[in-house]
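Before anything else, here is the set of structures, which you'll find just below.
Here chain A shows up in two complexes: once beside chain B, once beside chain C.
Take a look at the complex of A and B:
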């Protein structure tokens, strides 16, 4: 049993690297996912992932499979979409979901256009599905740095961010931080998705951001509790997914996300807070 | 020394004025009720004063002081997992800002504010688990901590039981006694007559402003109702030369 769990990591450096990368993403991206979920912006993660894809693809076209070029490309595309949609949301009558959708679709179409005009049979599978089993030193440093930056930024932004989510009018009435908080948070979303696509690909990285947060909703009532549970779920999914893919020769990214999905499904059914079980097998009510 | 001066103030949405050419001076330390029919522009006026809405024309001048604002149905996401204590503590924002620590002295003030609204023991309760009246008490506790010189309340006693309304009204009187300026939008004219020395009656335009007894006359109330019933989609641009004709 121990052999099955520990030996792959002891024997193979690529498994240890993959483990470190996934744990970094789990710790960095899941708190962001919790806030996205609580702000009813879970699908924003998916939209941003689509927005990043063209930037990464352009970086790939310009300088091949280069970590730096693809990261910068993805960051530029993601930040542009975040800033433009945030600007339209705050300055016009359009709501956040619609303005976000508009700009990520434009970004996606632009990316597809650039790639097809250049006529390369670009191997974008790397961008789409990541290379978690081939993370080099640079990629690992990038992932861990982004996780560190995320936690520092969250520590600084935490109070305004909670207030911006719970009572935005009050935040606006007592301070000028509302806009900074909003854009800072979107920047963190982009940063973590860019980190995620190195390992899991643009599409799969959203999974490790949102699924653990959604699962945590059924276990904890406070923000701190939700973040803790979400990180546990994400780390557990990463380890289990890596082992599953090793032993059963499955693709790693989808394996990790499917384990997270299974934990989410279990939480929906048996979690103590507002789950199906809480609804259909209620415990006796308390004295008044 | 006036707390709030409105000069030729026009506020509105999509070019349609909701408050039209309003002139008023609200003295410092006064307790003023804002009354008028639905759609009279009362909430709009408060939004303008607090700076959430840009005037279409005219000026709002505030004495250099801290303003606290309680919106009508506070846009609070009650499903967001925040405890009563944490939400009330945000009233200390001017002291602790975004990054400051809640110190022992602050903790005492939070406890006193919760006691003042009768919510001792609710500190750890999530705001999603409160009734409407309890939530309003929480928001008043937060107002208490804000220590603002000017306090704007938009329908603070609507959809609240008589006991809660009386408790919260006592807090308003306490603020008045402390020399703070309080402006409250109200619909219950009995409360206004009993508790508010001054009244500002608007119906998209000024109807009357002054001591409550001289403002809440049957003639003024009738006039306010009639003035509020028109909304012209094809209204002409409001120019200074044809203002008298409108």
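Take a look at the complex of A and C:
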């Protein structure tokens, strides 16, 4: 049993790298996912992942498979969409979901256009889907740095973020920090998605951000508790997914996300907080 | 005034069929750059070849454009590789309402199965997912042009299709085909000699996707790849691990990147096994005209030169 779990990582450097990369994403992205969930912005993660695409595509076209160019391109495109949609939300009558949707769709269409017009080199979707089995040193350093930055930024933003989750009107009325918190948080979302697309691809990395957070909702009530459970779920999914891919010969990215999905499904059913069982199968009172 | 117009009109009418005649090259379409080059060699001056998937493009996952549909609709003959290589082409031909001839270049080629000769993996486990990867093409390997023996069949098929579509050009097509076939035979002999000069133990290499099955079978080399025959599938950790184990066991000296695929995975594999990157092989597409593989013959020569340079001790 130990052999089945440990040997792949001992024998192959690419497995250790994949594991480190996934753990970095798990620790960095899941707290972001928890806040997204609490602010009812879970779908924003998906929207932002699409918004990154044109930037990464332009980066790829300018300088090939360069980590730096694609990361910077993705960051610029993601931040542009975050800022523009935030600006429209705060300054006009349009609500956040609609303005976000509008800008990410424009961005996505731009990305597809750029890819198709120049689509005769290496298939860009392959590039954008990344592969967790091919993480080189630069990619690992980037992943770990972004996770570190995320935690420092969260440490600074934690209190206003929690307030913004609980009562955004109150925060806006007592402090100037509301806008800064909002944009800072969106910047962190973009940063983590850009990190994730190196390893899992833009779309899969959203999975590792949102699914563990959604699962954690059924196990803990406090924010700290939820973040802890979410990280545990994400790390467990990463390890299990990698091992599944190794032993059962399955593609790695989907394997990891599907394990996270299975853990989410289990949580929906048996979790102690607000799950199906907790609500509809109340434990019989013990009779003495 | 009236006269002038009349004169102009008459001249125009008189010139029209003439200019149409001057333009009267046979418009044909080839699905990808390698096939396009062969068609151009056989067709010579009498045809205009349009290639749908251009140089360095990946024909496995191509997304056709409306312009492609127009090109196909206007063509007299459409040349395809067949063997499930261009999965997107059937829909394109249907959508463009093309009614002309579809010439399948691999007609008469002995198709290789994925897990056959040239892929003699040591472990039985390997065969399982090798077959899985082949499912995209119904279990056959479409990269038949990688052996010059097959390229000769391609050329005969192309010549036949062109003669059927344009019987007046028969003499020209036949002459072109004969000359081209002779050239191919010479290159074939060159490749045989080059591979024969390599020591037996150093005829095993790794590439990014399984495109060299026919080359392997024809010239006695062994190719391994983490991706299957189609570039669409994502490799699993098991595939990569099996490849690394095998490379270590057989002391495979070099890996080669391809012009159409993502090279990051191979770079990671080399760093783990100590094999070196031997260069770029052209598998499914030519380079641009100024590149090292502007034509099919240049491509085969380039691939063999790259292989032998890296594998010589």
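In this text, the second predicted complex is superposed on the first by the 276 of 288 C-alpha atoms of A that agree within 3 Å, B and C clash if a C-alpha of one lies under 4 Å from a C-alpha of the other, contacts with A are read in each partner's own complex, and residues count from 1 in each chain.
Just so we're on the same page, a contact is a pair of C-beta atoms (placed from the backbone, for glycine too) under 8 Å apart; a residue touches a chain by one contact, two chains touch by 3 or more.
Predicted model, so just to flag it, every value in this text is computed and none were measured.
Once the two complexes are overlaid on the shared chain, A:18 sits against chain C while remaining clear of chain B.
In the superposition on chain A, A:168 makes contact with chain B only, not with chain C.
Contacts of A:133 after superposition: chain C is touched, whereas chain B is not reached. In the overlay built on the shared chain, the residue A:150 is in contact with neither chain B nor chain C.
Counting residues of chain A touched by each partner, chain B versus chain C, the larger count belongs to C.
When both complexes are aligned on chain A by C-alpha atoms, no chain A residue touches chain B in the first and chain C in the second. Touching chain B in their complex are the following residues of chain A: 38, 156-157, 159-160, 162-163, 165-170, 172-175, 177, 221-223, 226.
Interface of chain B with chain A (complex): residues 50-52, 67-69, 71, 74-77, 80-83, 86-87, 90, 93-94, 97-99, 126-127, 142, 146. The touching residues of chain A, counted against chain C in their complex, run 8, 11-15, 17-18, 65, 116, 119-123, 125-127, 129, 131, 133-136, 242, 245-255. Looking at the complex, you find that chain C touches chain A at residues 53-58, 61, 63, 65, 128-129, 132, 231, 233-241, 244, 260-265, 267-269, 271-272.
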